[in-house]
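Labels A, B, C, D, E, F, G, H, I, J, K and L are assigned to the chains in the order they are written; within every chain, residues are numbered from 1.
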Amino acid sequence: MSGVYKKIEVVGTSKESFAHATKVAIEEAAKTVKNTSWFEVAEMRGAIKDGKVSEFQVTVRIGFKIEH
Amino acid sequence: MSGVYKKIEVVGTSKESFAHATKVAIEEAAKTVKNTSWFEVAEMRGAIKDGKVSEFQVTVRIGFKIEH
Amino acid sequence: MSGVYKKIEVVGTSKESFAHATKVAIEEAAKTVKNTSWFEVAEMRGAIKDGKVSEFQVTVRIGFKIEH
Amino acid sequence: MSGVYKKIEVVGTSKESFAHATKVAIEEAAKTVKNTSWFEVAEMRGAIKDGKVSEFQVTVRIGFKIEH
Amino acid sequence: MSGVYKKIEVVGTSKESFAHATKVAIEEAAKTVKNTSWFEVAEMRGAIKDGKVSEFQVTVRIGFKIEH
Amino acid sequence: MSGVYKKIEVVGTSKESFAHATKVAIEEAAKTVKNTSWFEVAEMRGAIKDGKVSEFQVTVRIGFKIEH
Amino acid sequence: MSGVYKKIEVVGTSKESFAHATKVAIEEAAKTVKNTSWFEVAEMRGAIKDGKVSEFQVTVRIGFKIEH
Amino acid sequence: MSGVYKKIEVVGTSKESFAHATKVAIEEAAKTVKNTSWFEVAEMRGAIKDGKVSEFQVTVRIGFKIEH
Amino acid sequence: MSGVYKKIEVVGTSKESFAHATKVAIEEAAKTVKNTSWFEVAEMRGAIKDGKVSEFQVTVRIGFKIEH
Amino acid sequence: MSGVYKKIEVVGTSKESFAHATKVAIEEAAKTVKNTSWFEVAEMRGAIKDGKVSEFQVTVRIGFKIEH
Amino acid sequence: MSGVYKKIEVVGTSKESFAHATKVAIEEAAKTVKNTSWFEVAEMRGAIKDGKVSEFQVTVRIGFKIEH
Amino acid sequence: MSGVYKKIEVVGTSKESFAHATKVAIEEAAKTVKNTSWFEVAEMRGAIKDGKVSEFQVTVRIGFKIEH
């Protein structure tokens, strides 16, 4: 690691698991940001419907290198 | 979201994963509380037996609407 | 629980999920420490490669009984 | 203060302000719990609609004396 | 530990010590809740009268198994 | 809630109240970001002038859905 | 901002709102301390009487320049 | 509780217990500050000598009413 | 204090009090580590049996000088 | 301070010191963002190579005024 | 360490580094308070001017023995 | 990063700066632990003598790969 990095906060959602919601967030971010290189889980929450988990929600801070 | 909500803290356990322990907590709570609508993960722990994870334990705060 | 315990901090990694990274940490620790009995998740992070999660990293505090 | 107290977590909502959402939570709790005597703000959030705050949400921990 | 657990928050008070206030909270909770099995100290405060500690106040989260 | 969301951090200021500073932040953000749907209060501060509050400052994290 | 500052912790109370309790704390502090220039909200609590909020209590850390 | 309060931070020490160190802090503060009415434990530490606890150290925030 | 120190995390248990559980942790650590010089309380928990506190558990971080 | 501000999170790196890594982050951010006016240190980490610090890494939240 | 201590919060500023801002705070405090013996860093912030760090600001809690 | 890592907590001290105290901790740890690869600052404190900073103390968590 060298240079300067930026962190953005993205929330991924999934019907399956926290790991999958995390992947969803990372892959979506990669569509608009280049050089994403690490993530940190900031929060785990979710929605409930009819007494069951209907959605896992994971907030990740994603770090990426600033290019010139 | 509108009205007034209550949050309770429930610990779910699972031999499989954090996501499954979360589902166990939500589904058990739904047996006695109506209108459960969201959850927040407060803590993740677990038990070890013979050098392996024997149980994932997830504490979730569960929010539900107060009815009249 | 009775007696005296020690806690150590171990980081497990996995290409699959947070639960698997946790298992990896616990099983590695058990190779050198006896009596491991519980764990607490302290941090969840990960690495990104080519816009995808390449590794889940879970820091766990592992508790074990001190023997004489 | 003397004796034993219990704390419950309630979320009040309001279109006006954080203070009003707090009042809503306290007054609703008082309908089912006796002896409520203090509160602690645990979280402040809210909903947005059409680019404006549509709802202030305040989570309060409410303390009340346990009676016999 | 297996199954599903609930945590409640109780404040015990004592003129003697933090340990005694903790015991007071646990014993009071046991009068109305079955299967209490562990506690976590969440906060330690107290009251002062005539320049001396008149009361130790300990907030404990108490965990107990949900039965069917 | 479904899909992927981003959170940004905005500080609103007001001479009146914390609630008003929050509204200012939300309404300003809506000028450049679409789909804002919730906010979380991260910090409350303010400025003092001539011994009086001259400004309430509220930092809010604002969540909005990422569109394609 | 330059030089050296001190921070003190003051609790303001109000029957109206958190913003008003904050103002009360700032104005009281200004009676005995010169150069107060900013505040940070550290805690929000309150008292309940007859099932209604009887008092909002806001703890603020107040910063002021040390003079010579 | 009504009016305006100030909080100061005091560290009490004791060879006996956390509760005693707390009492020492409160009683010392009362020698120079009037109207002390509550305390909050902020930190618990201590010194070790010859492999034994030689001193319990408790940092308490002490609240007292500002008089005119 | 000068030189370099290490901190380890130890959990002491006691049927009596938090202070005693702390002493148990410190004295056990001293059996295998030299130069222990201070401790910081990281967590206070406990076990409940038959509706009474059966064990106080205190996690302490213990600092000691690294020798050559 | 008046108006509305945004905060972004930037990680600066340096072989020299935390202060230098902070400067690197601030100066890089200023290349693309106007009106940067304050920063808050959120995290300090670093890399190690051959048993020596090879890089100081400081995460700063940078505040800047939103213009029209 | 023995006896009773007080902690005060002071903010030092410097154009050079966090370490220097810390020294500035400690030396200023020593002008009016006797027996200062330790400090704890509570917060690191700073000001930006023309896209460069114009000031490092460090909030330190300073401990000193209360004399009679 | 792949495999399993351990984190240890070390306190470095220096008369010069936080950065130097950090280096001291890292270099001392490297004398007895192989493969140290990153550090996280956990706490910054220091000692005061004759009204001046006599020592900067930095607690770092140091991560290193576990070998077989």
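For this structure, a couple of remarks:
Quick note on the criterion: a residue touches a chain if its C-beta (ideal position, glycine included) is under 8 Å from a C-beta of that chain, and two chains touch if they have at least 3 such contacts.
The shown structure was predicted, so the numbers you read here are calculated from the model rather than taken from an experiment.
Shared contact partners of chain E and chain I comprise H. Between chain E and chain G, the least number of touching-chain steps is 2. Here A-B and C-L were compared by C-beta pairs in contact; the pair with more is A-B. Chain I has its Cα centroid 38 Å from the Cα centroid of chain G. Computed centre separation for the pair chain C/chain E is 30 angstrom, with centres defined by C-alpha atoms.
Computed centre separation for the pair chain B/chain E is 22 angstrom, with centres defined by C-alpha atoms. Chain E has residues 8, 17-19, 29, 47 in contact with two or more other chains.
Touching pairs of chains, sorted by label, consist of A-B, A-C, A-F, A-J, B-C, B-D, B-E, C-I, C-L, D-E, D-F, D-G, E-H, E-I, F-G, F-J, G-H, G-K, H-I, H-K, I-L, J-K, J-L, K-L. Within the complex formed with chain B, the chain A residues making contact are 16-19, 43-48, 51-53, 56. Those residues of chain H that touch chain G in the complex are listed here as 1-8, 61, 63, 66. Those residues of chain L whose C-beta lies close enough to touch chain J in the complex are 17-19, 22-23, 26-27, 30-31, 36-41, 62. Residues of chain E touching chain D in their complex: 8-13, 24-25, 28-29, 47, 55, 57, 59.
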